[in-house]
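Structures for review follow.
Each of the next two complexes has chain A plus one other chain: chain B in the first, chain C in the second.
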Partner chain A sequence: MRSTGILGALSRRMLIGGAVVLGMAASFSTNALAAPKTGAVIGMAVEPGGLDPTIGAQVMIGQVTWQNIFEGLTTIDKAGKVQPQLAESWTISPDGLTYTFKLRQGVTFHNGVAFDSSVAKFTIDRARGADSANPQKRYFASIASVETPDPATLILTLSRPTGSLLYWLGWPASVMVEPKSAADNKVTPVGTGPFKFVNWAKGSKVDLAKNPDYWNKAVSVKLDTASFRFIGDPQAQAAALKAGDVDAFPEFGAPELVKSFEGDKKLSTVIGNTELKVVAGMNNTRKPFSDKKVRQALMMAVDRATVVEGAWSGYGTPIGSHYTPNDRGYKDLTGTWPYDAAKAKALLAEAGYPNGFSFTMKAPQMAYAQRSSQILQAMFAEIGVTMNIETTEFPAKWVADVLKAADYDMTIVAHAEPMDIDIYARDPYYFNYKNPAFNDLLAKVEATSDAAEQDKLYGEAQTILANDVPALFLFVMPKLGIWDAKLKGLWENEPIPSNVLTEVHWEE
Partner chain B sequence: MIAILIRRIASLIITLLVVSLLIFVVMDLLPGDPASVMLGTSASPETLAALQKQLGLDQPLPVRYLAWLAGVFRGDLGQSYTYGVPVAGLMAERLAVTLPLALMAVVMSVGLAIPLGVAAARRRNGVVDHLIGLVSYIGIAVPAFWVGLLLIIAFSTMLGWMPAGGFPGWDAGVFEGLKALVLPAVALALPQAGVLTRVARTAVIEVMGEDFVRTARAKGLSESLAVWRHAVPNALVPVVTMLGMQFTFLIAGAVLVENVFNLPGLGRLAYQALSQRDLIVMQDVVLFFAALVIVVNFLVDLAYLAIDPRLRTAV
Partner chain C sequence: MKKLFSRPVLIIGFLVTLALVAVALASLVWTPLPPAKMNILHKLQPPLGFGLLGTDQFGRDVASMLMVGAWNSLSTAVLAVALGASAGTAVGVIVAMRRGWLELVTMRFCDIIFAVPPILSAMMLGAFIGSGRLTAVAAIAVFMVPVFARLTLSAARQIWTRDYVMAAIGMGRSKATITLVHILPNISGQIIVQVTIQLGLAILTEAGLSFLGLGMPPPAPTWGRMLADAQTFLGQAPWLALLPGLAIALAVLGFNMLGDGLRDLLDPKSQA
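On to the complex of A and B.
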């Protein structure tokens, strides 16, 4: 009978389908699971694109590789201070133009290549060269020449004093790479760090294993294996933590879910600071934002505490300038233009806008940006200013429209780079803010290598920004760390975007 | 029959070429480029230009299109801008997740829908029919990603029976792999099953009124045999049609469900590539999806020929 034949054919097809699934599955070998408690699974919201921090800007690249796989001449510790790493020590000439580094001996890369001055020269020349794709190439701009008198000595000669050079050399973008493996670091990173790259299951996780030949015998690395697992959806992040699939989420994505972990004895909630400054940048050459009084009035219309409450469930620290409490020489300037709607309205009238005005906010799709925008919209309405919100896809469209073309009135974004107050001195930059006095101050910071003097200058620079309000300075994002209560050694704060695993261990 | 096949295959190829051109142009019209996404907020224009040159993005549009197309014909899908690895390998890794997921979802939805549809049809307007109707309407109404979230809360967070998401990889074992796919497949299958149940019910009711079913009953077959051996096979054409059409929704659903369950599948790859502006990956994945939909529709047409012999002689 034909009809049974068809049913038969249908089930045959299902059988074949099932066989394909099983066949595919069976063709992969089975591996024993790693022994528990010497491994850690760290959750991250976004997978990095590539694993080479010297050619990609995404903070996620550093959060996987910096200090775990790759190390620099200098490093930045959990307090945000510069420390020696592959450079044991250094001397700076009195004019601040010659840096002589004494390099550590006996350091090898994961592929066995020895680290010496020629490798350091290769790394620095690659970063500052004509076809460099280093995202922080500007940090190497003052290096005029690189000399290697012997394998343990590296001399950098500068064209102008650069007071932040040692700090910048500690960044993920400045890590040491060796010539043979450099081109493939994007996929198979090879560094000098305590962990070796093992495998990258794209879309899922990156696996690392302890480097048995790690040079730094002063630290004892406890983890044998570590995995970074990428989970985008906040609900899925919470589920993975509660189910124990992930041991730690150092930057948990949804503040509104943090309360749901309270009372869970297995997990600890650790709230620290990041360098993520949430600021609502304004186009300082476009009317009416070209008028300082208008910007100041808008700043006074904003109650930062309410923004933090609404946008990030009350976690986060209000800021009065483009600077975080983590940063050296921080001044609390939130009182410069304290929230006062009546005064804001009066100042707006003084600037010639008694009936307010209307403009468009280009807000990225991220939750913090959308929520902050909606709160700002309500606050501006109180002083008669109408703000229309236009959602702008981040990063691609935002980078094209706002960052590159500066075609916007106001936008809102979290600036991730530590100590990046100098963006207000850059020209061109999307704020279109120009203040020679501010630029002078930052030039002075670079001209001196006296830390106290630099801190004082940073303080003055913060004050100028707080007064001029080139952007509405809102708050610093907290680091919402949620991890297994027995897992120790993760950084509480994040003076530089990272997940340093060197000291991570399980408590008995 | 052969002539029909040749004509269909020719139109299939032309459709794919047109689709490839459309995909390429649309991707190029998207604001933003991969180089500036990779370099972030600090890069200078010179650095950007250097990277664009390295990625070959400085070439004019027609050159890039032809180079891509020529590559696809040779089986070379290009290199991902962000991952820096060949796209073909990237897609193969992802297919090893999405294909089993989609197959499981199809098997589940058919396995649910046909018995339910038949049961509803046999007790038309009875309590069972109304109950099945209610359940299938709920299935149609709720989006797959939401079902997914509920499943995670119930089976992972509360009961702890299933992983909350993620994929251990097939090298962790077949069982572990399949286990990770069960909840997502259920989430994908339920809305599909809802639609298919309705279609199966209507089709079976229609066929059950036909003369040959009455004849089957008249010659003494039991009601069950009459339904399963005579009515159901003849009701399959609309079910298969719907299955073919639903396939597009299955792919769209996979993008969302893979994100909710954090599965490294093809749908999630497409989503990530879009946000990173990894244009070459986007082009390849979308072309693959388009080809898949076109080929599945082609196979559905062939399935008609298998199910209904009358169509084989028709021109």
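On to the complex of A and C.
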């Protein structure tokens, strides 16, 4: 179209004038006219060793891939509840031994392969097979057979009732993978999720991009791109947040630095719950920890509130058992052995150690472990017990010496997995705790599918642990979320270690 | 005496070192509060807010920790330098006495040890025997050996060419006797100067090892670990990093000045 005459000249002038005004406005407030952001950079402290949650135990793998790249038959929502995902619905036979899943149709993997019952069978057989490297292999142990009568139906037949099966199928370790790409998922993960894997710059970041063919049209994924950046040092994490290099640190590393964000209007601080239970495990077969009274005395010597204050700047919730307030059927058992140094000393004398004893704490290098150890050291000194601290490199050396060989007196570590109270029933496990009554309770939990009954049994199991003190139950770590105030949709709490980006978006 | 007062470097170095030694020794009998005593209610108090120099993240008294830290730092340094200096000096005078292929082999061996930084050797030692004071002492001492071996070798070689040593050889004195009677007394000045300077270096290295978690384990306070622990509290409690840093700097400065002053005092050239 040719512009002629006075109107054309005028409109051109108006255009220029308008542009000048706009330019001035932009110079005053640069954000006002900028296009809405469609990318997000999420910070994480530790880089995962691989990107396949079905073969690696590190929680960081799930924190990058779970619900972003990979999805499961079921999923766990932000409240910790089981929800259908790639399985639309299911029916459970009255005896609790047959699970019939109706699978969602029209779902494709990022490489174009269609999801159907044969893929689901492949995934489950791979996880439960003899040479499975699945970190939660025991979750699949009760599955006796997998049948696929048609592409939309999957039938699992169990050898014994497994009340937690649907919950377990929602875990990162149970996500659906297809046969062609499964072997390479460690470096180039291929799933059915709302984001596709783009690139992994080792030591720096993992890039994801929106999956335009995402099956779930009920959600509208707002982000076009997302990156996970790995920054270990808390000071550097804080600097990256303040400079805007990273949009969010869902698990910020240093509670003592959280206050420094308070005056910053660009950032919001969201303190949520996690499943990270900090417990000081004891070698229950080694003297003097083999004596229940000694363990109880040590528990009474610990003032949990002080540990939380000293180790994690007061952020955190004391626990009395291996269970967190967000777990179903939680009981507050911190009063079972309340802090009382005099009583602790008396109980220790009763156990035959009037002058205390000395032992070695193998403490990993992480700040929470080092600080908690030093506080415990001071508290035990009050009742005449000498604790030497030996720093043990985590994960390699700690896993070899403590977790695998159980060659230790006491150690301290945060257990990240939700609802993992059953670790005290495992044999062998590093606590060397053996209590048939406790094992029976956990077997009963799986045998029933009545939720109320399960909650009651979990309560009894917590009470046994709180009383027996196989480990000193200290506190649950908070989720110190620091992110750009305009970034919405990240989970406040962490019922399972994750960074779900499906609903993340920038507020205009 | 007059000569002493005309040397301000020596005097300042001496006074700073004396103060450090006095504080370290005093910590053995008295500190304002037990250094390991935690009082979480009073954590992160500024200097003069609670105690003389404030409290750390566990509410421990920083002044008490610095005092005991002085002892831990100084005793480790003295022990390490004493071991390194005696071994190095012994090697140096023996090699100077024998010369020949022994000198070649020993000096190349010293070069190899020199090439490995003490932090690295401490890490390797720590992996074998676990971290602790012993590791720190051993790592620093090993590093000191070639320093003293080189110094004594070159100094002793000069003395061996002196006329009075020639005369002693002529009179049939054994080499060992000559070393004890003539060589060692004549190079002692240089050794003392070197010991002083190396003490400063040893304190710095000990702090570095503690910073990395290779020094004495908690609850024993060390300047290096105080500094390491203070890192994330820098914004809230800068004194937690400043004070141990200042202590390390002062101690090293004191020993260096004392060493320089002693060198001027004992240097044969300036005596002429």
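Keep this in mind: the second predicted complex is superposed on the first by the 472 of 508 C-alpha atoms of A that agree within 3 Å, B and C clash if a C-alpha of one lies under 4 Å from a C-alpha of the other, contacts with A are read in each partner's own complex, and residues count from 1 in each chain.
To be clear about the criterion, a contact is a pair of C-beta atoms (placed from the backbone, for glycine too) under 8 Å apart; a residue touches a chain by one contact, two chains touch by 3 or more.
This one's a predicted model, so the numbers in the text were calculated from it and none came from an experiment.
Q: Check the residue A:P135 against both partner chains and state whether it touches chain B (first), chain C (second), both, or neither.
A: The answer is first: A:P135 touches chain B but not chain C.
Q: Where does A:A201 make contact in the superposed view: on chain B (first), on chain C (second), on both, or on neither?
A: first
Q: Could you look at A:T306 and tell me whether it touches chain B, chain C, both or neither (first, second, both, neither)?
A: second
Q: After superposition on the shared chain, which partner residues are touched by A:G56: those of chain B (first), chain C (second), both, or neither?
A: A:G56 contacts chain B only, not chain C.
Q: See if chain A has more residues touched by chain B or by chain C, and give me that chain.
A: Between chain B and chain C, B touches the greater number of residues in chain A.
Q: Which partner does A:D213 reach: the first (chain B), the second (chain C), both, or neither?
A: neither
Q: Quick check on the superposed pair: does A:Q235 touch chain B, chain C, both, or neither? Answer first, second, both or neither.
A: both
Q: Would you check which partner chain A:E390 touches, where first means chain B only, second means chain C only, and both and neither mean what they say?
A: A:E390: touches chain C, not chain B.
Q: Of the partners chain B and chain C, which touch A:V399 in the superposed model: first, second, both, neither?
A: first
Q: Hey, what residues of chain A end up touching chain B and chain C alike?
A: On chain A, the residues that contact chain B in one structure and chain C in the other are 235.
Q: Over in the complex, which chain A residues touch chain B? Could you list them?
A: Interface residues on the chain A side: 1-4, 6-7, 9-10, 14, 17-18, 20-22, 24-31, 33, 47, 49-50, 55-58, 130-138, 186-187, 201-205, 229-233, 235-236, 239-240, 242-243, 245, 393, 395-401, 403-404, 415, 417, 420, 423.
Q: Can you list the residues on chain A that touch chain C in the complex?
A: Listed in rising order, the residues are 234-235, 254, 256-257, 259-260, 306, 309-310, 365, 367, 371, 373-375, 377-378, 381, 388-391.
Q: Can you name the residues of chain C that touch chain A in the complex?
A: Interface residues on the chain C side: 36-38, 40, 43, 57-59, 130-131, 213, 217-219, 231-236.
Q: Can you list the chain B residues touching chain A in their complex?
A: Listed in rising order, the residues are 30-33, 36-44, 46-47, 50-51, 53-54, 81-85, 90, 93-94, 96, 99-100, 103-104, 106-107, 110, 149, 152-153, 156-157, 160, 163-167, 169-174, 177-178, 229-230, 232-234, 236, 259-262, 264-265, 268-269, 272, 275-278, 306-307, 309.
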